[in-house]
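Common to both upcoming complexes is chain A, partnered first by chain B, then by chain C.
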Partner chain A sequence: MGLAKYVIRRLLYMIPLILGISIVVFLVMYAAGDPIQIATAGNPSITEAQRQFLREYYGLNDPIPVQYVRWLDHFLHFDFGKSLYGGKPVNEIISIYFWETLKLQLVSILLAFAISIPIGVYSAVKQRSWFDYIFSGISIAGVSFPVFFLGIIFILVFSYQLGWLPSAGAHGAPQLWPVFGIQNPFLDELAHLAMPATVLTLAGLAYNTRLLRAGMLEVLRQDYIMAARASGIPERKILLKYALKNAIMPLITLLGMSIGFAIAGAPATETVFSWPGLGRAYVTAASRLDFPLIMGITMIITIMILVANLITDISYAAIDPRISID
Partner chain B sequence: MDLLQVNDLKTYFFTEAGVVKAVDGITFNVEKGCTVGLVGESGSGKSVTAQSVLRIVPRPGKIIGGKIFFNGEDILSKKEDEMRSYRGKKISLIFQDPTSSLNPVFTIGSQLTEIVSQHKGVKKSDAAEEVIKALSLVRLPDPEEALNRYPHQFSGGMKQRICIARALLLNPELLFADEPTTNLDVTIQAQIINLLMELQKNIGLTLVMITHDMGIVTQMCKCVVVLYAGNVMEIGSIEQIFQMPHPYTEALLKAVPRLDQTRKLVSIPGNIPNLINPPSGCRFHPRCQYAIDRCKDEIPPLIDVGDGHMISCHRWRELNGG
Partner chain C sequence: MVSLALRKRGSRKGQERRSASQWAVAWRRFKKHKSGLLGLGMVVALILVAIFHSFIAPYPARPDPNAFLPLYEGEAGQPPSWKHPFGTTIIGNDVFSEVVHGTVYTLYVAIGTTLIAMLITVVVGISSGYLGGKIDDLLMRITEVFLVFPSLLLILVFARIYQLINPEPFWNVLGISIPVNLTMIVVIVAVFAWAGNARVIRGEVLALKEKEFIQAAKSLGANSRWIMLRHIFPNILPQVIVIATLTMASAVLVEAVVSFLGFGDPSTITWGRMMEESFQNMSTTWWAEVFPGLAVFFTVLAFNLMGDGISDALNPRLRE
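Showing the complex of A and B:
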């Protein structure tokens, strides 16, 4: 009962937020300029009459409130309209990019989460050992290093020098990428995923590891850890069960938030690897003032972040009995 | 017969600021079936002594010297695995703050049954039986139901009962109670003290009561060990330490609990010494009203001044009319 009610209440709270964000983005977008002007700027043969026709066609001449209500009406029917470029339905564009971004991000986030656990725990347990110093160094570098730069190095080394991995895209075009001489759609996807996922994993790993290491150091000082030792519980169980479950809390929050923000994509990384993802599409849409696409992607990102926050809060309450959802 | 013998124990913390000589040559014995008080101001090394006996001194601490005999066995030379089988089973420890000594994210049942299964290798249901028995022993209401609850669902006093039950789960021979009432309300304090005294009598427990509170000491203990800055100042029966106390014990007995602070802060003029560079000679000399030049230069040995009354002071004999 409690959980369902809580979820419903949180979902209701999202409505004004989503509306508010859509209005703000809508207004900012219109203040930014005329998309038809931008779209046709490169074409000297186009006439003002033709431009006017295009504005009329996309409904850009109506008063802004009218346009907004029309947009909202479509949105409530799960329709984001058509892109100003190529006229493809925004829903279709998003559904392609969404999965590519989600795939790349989920793989990276989960890898970073999983790998950071042994490293974070071991660094805390062996505090001030060479292992700790080396990984702390890598983490600090990883946090402060712009990841897309690493992406460029990867492409230079693994694509151009060694020719092992494809440098762009998410799928083999025009043909499947051979992995150890085998051409298989799944291996092809893996080959395309390898570099961008590694770059994003490294970026996340650095932060996760630091967070977990700090959490473990804090938890290992607590009396309940000494109490477990005083009761004859083996050290391995103390670390991996009693300490870890407490120390992993901040990481769970981070995990939830990063899955939410993941849909915003990683524009820099997606651009470096020409990844057909939402992040890159968003940047492109913004630079061309492709109104329907901007609005569509904004809404998807907003909803994903809000839902991910909700899931984070619920999982937090599930792990920590002191936190109750209400 | 002495259940526990601690001989010239030295436990240091190797911190970045320097070597903290938290326990620096402590010697005392605990007779089987007795309640011994371990007293001294904050930072005198009481907790570290208990942690040393269990060999759970946290990093960067290390036992660097001395001997500890438990039932005549040298426990410092035991392998870690064997030592682990002593913890909780032969020697237990309860802490000052019951709230922080229970893991907040596991149920009482899972924390306590784990200990039973760890030592006895029994089934979960059998382990739960024993946990319920221990919880009843400390008179926790509704012990069956308590198994499924989390620490934060209990009051401080109840949590301390749970901690006592945890320490007594496997019928240990020796229990260290490290200021088990300092963090509780006054009325609850009395209940916990009574519970400990009753358990000690009924199950023939040997109890080392760590405390600042001389009231608790007189109520519970037959024998007292007084620590100061990692050294033993005095060991004696209640009568001995009240009638002819060491100068430090005398100051402790006279010190008034400061009511504006928590109860545990007893004030003796002067500051607790820095244990990285402890005072030379008698460690108490900078604060001792009887100190003479000799106290600065010469470490007073711990000697038997009669009937097992041990004193570490150059002037005690002279001050006590001998």
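Showing the complex of A and C:
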């Protein structure tokens, strides 16, 4: 089957999945309660008439199926409606936060991927060496360390104790410059990016090295590696060409998944660093039950994950000739 | 009829004897696994602390007014000392006491989530793998939906909805008060924690299904339920135990994140909740932030180490 046909079939297959997820999330949220009541509960001066007006304005008085169809109609026109807080269009809010999250996540995912390859391979080749023990120890500790707690430690050490790096935000305010002695806008951005990116890289690194080490150990035990060794192929070539190519498959799945999930951001890490990204926006939206914003971000993330899965599957076929697209 | 019943009992006996020796072998191998033993030791310590928490902690848990004794004694916001090993918070709680009391909730989250998640995992994995056909198709479609869900974000939304429904804070079951909101979080986390593992189990079952002993049982007239319970389940049990240990680790992590972000049970002081409370003041009282965090870390590490050890001990391919 051709690639185009496969992609089209997979895209068509996504439609019921996306619809199903949107219906489930929509129903659960709207069955849970009246968002206007929740939004105005803390404000005693709001009258019932004003609440009624707000409900009318956001179209919350219609039956739920009508609301869903209207939401779906807007969704198909790439419009997620308006936030219940401040009435800003959801699209605008998402587009503000999207790039900050993407910047942070892409840097850390790619760094974690690149650094984990030499460590994972070397640990597997020198199994039970001091290098392996140290890095295996670090990576199991890294997997167990709550990522947001690592961020907290970083802030305590590098911001509060040493005063080297800013603890919050993605940019310093130019009118307050120099912040931490930085006046260059690019360096300022880099200084803000340094800690959250390092924390997320370390977290990803721990998972990747464990996965790659286990994969390499499994592959190196295979007969065809022994056959390659017996036929006198240099060890370096065996490792990098024959073993790594097979051992890296699970890592590529993980890479695909993490790029999909990257858009969800790391809500806790973004909150710790006050990073103006989608993850933190989602936490705020969830705590206020800002339904249109929650629906918008959830749908964006779902679609990104599905697309990333598709790309992963296609790249599988490109790397491994045993897997054919069908 | 009689002979069939006898045969059944006979086969069960054989099963038990064989599996006992299999577990004995696994335990012998586990005992040689140093980091696995370390993990087991840490888990046992955690359980002991949870059982004897009211004896170990010098101050009672909130909402007992005596929990605020350091405040009345003018010792709020104190750094770690002999009297307060982990220091006191800015509002005058002994951090050590609260960490000790928190072990109970942590174990509740770990065990509760894992029980529910593993039940779904095993039922979906076995019936999907063994029965196949339409049931397999349906279950795998549902599994895919759960794999695609951005689970942590939806856990936050659901946790918040339950917070707002605001149920009574505790259920009294046989004299033990069970925090309702925390139980809801346990259920929510479990509902999103089975999909990937169910696929793994399904794969195992697919491989097992073709083995001779299953074919033999089938030809002797055993029905599907019997085969799934008596032949498939005992053979995937090692895999299930490994997955369960790792699920406990991730359940503790997820609950810590949920509580830290302010979506936790307002009536229980879990470690994540302590970190949330102290986050704003951590530049002055860093100890109130760091010690609960370390408690989460060591607990997750213990389950992960133990899981690794069990996994190595039960993996037949690593056998010398």
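The definition used in the following text is that the second predicted complex is superposed on the first by the 316 of 326 C-alpha atoms of A that agree within 3 Å, B and C clash if a C-alpha of one lies under 4 Å from a C-alpha of the other, contacts with A are read in each partner's own complex, and residues count from 1 in each chain.
As a working rule, a contact is a pair of C-beta atoms (placed from the backbone, for glycine too) under 8 Å apart; a residue touches a chain by one contact, two chains touch by 3 or more.
No experiment lies behind these values; they were computed from the predicted model shown.
*Asks:* Looking at the overlay on chain A, is there a clash between chain B and chain C, or do the two fit?
*Replies:* Here the two partners, once superposed via chain A, fit next to each other without clashing.
*Asks:* Using the touch definition from the top, say if A:I134 reaches chain B (first), chain C (second), both or neither.
*Replies:* neither
*Asks:* Kindly classify A:V25 by the partners it touches after superposition: chain B alone (first), chain C alone (second), both, or neither?
*Replies:* After superposition on chain A, A:V25 lies in contact with chain C alone.
*Asks:* Spot which of chain B and chain C makes contact with more residues of chain A, would you?
*Replies:* Greater contact footprint in residues on chain A: C.
*Asks:* Going by the contact rule set out at the top, does A:Y282 touch chain B (first), chain C (second), both, or neither?
*Replies:* After superposing on A, A:Y282 lies in contact with chain C but is clear of chain B.
*Asks:* Going by the contact rule set out at the top, does A:P267 touch chain B (first), chain C (second), both, or neither?
*Replies:* second
*Asks:* Quick check for you: in the superposed arrangement, does A:I305 touch first (chain B), second (chain C), both or neither?
*Replies:* second
*Asks:* When the two structures are overlaid on chain A, which partner does A:P146 contact: first (chain B), second (chain C), both, or neither?
*Replies:* After superposition on chain A, A:P146 lies in contact with chain C alone.
*Asks:* Tell me which partner A:I8 touches in the superposition: chain B (first), chain C (second), both or neither.
*Replies:* Neither partner.
*Asks:* If you take every C-alpha pair with one atom in chain B and one in chain C, what is the shortest distance in Å after superposing?
*Replies:* Here the least C-alpha separation of chain B and chain C stands at 7 Å.
*Asks:* Provide the residue numbers of chain A that touch chain C in the complex, in ascending order.
*Replies:* Per the touch definition, chain A meets chain C at residues 17, 20-21, 24-25, 28-29, 32-33, 38, 140-141, 143-146, 148-149, 152-153, 155-156, 160, 261, 264, 267-268, 271-272, 282-283, 286-287, 289, 294, 297-298, 301-302, 305-306, 309.
*Asks:* Show me the residue ranges of chain A that touch chain B in the complex, using the header's touch definition.
*Replies:* These residues of chain A touch chain B: 127, 221-224, 226-234, 237, 242, 245-246, 319-322.
*Asks:* Could you please specify the touching residues of chain B with respect to chain A in the complex?
*Replies:* 51, 54, 56, 58-59, 84-89, 92-93, 95, 97, 100-107, 111, 114-115, 118-119, 150, 152, 163, 166-167, 169
*Asks:* What residues on chain C touch chain A, complex-wise?
*Replies:* 35, 144-145, 148-150, 152-154, 156-158, 160-161, 164-165, 249, 253, 256-257, 260-263, 275, 279, 282-283, 286, 289-290, 293, 296-297, 300-301, 304-305, 308
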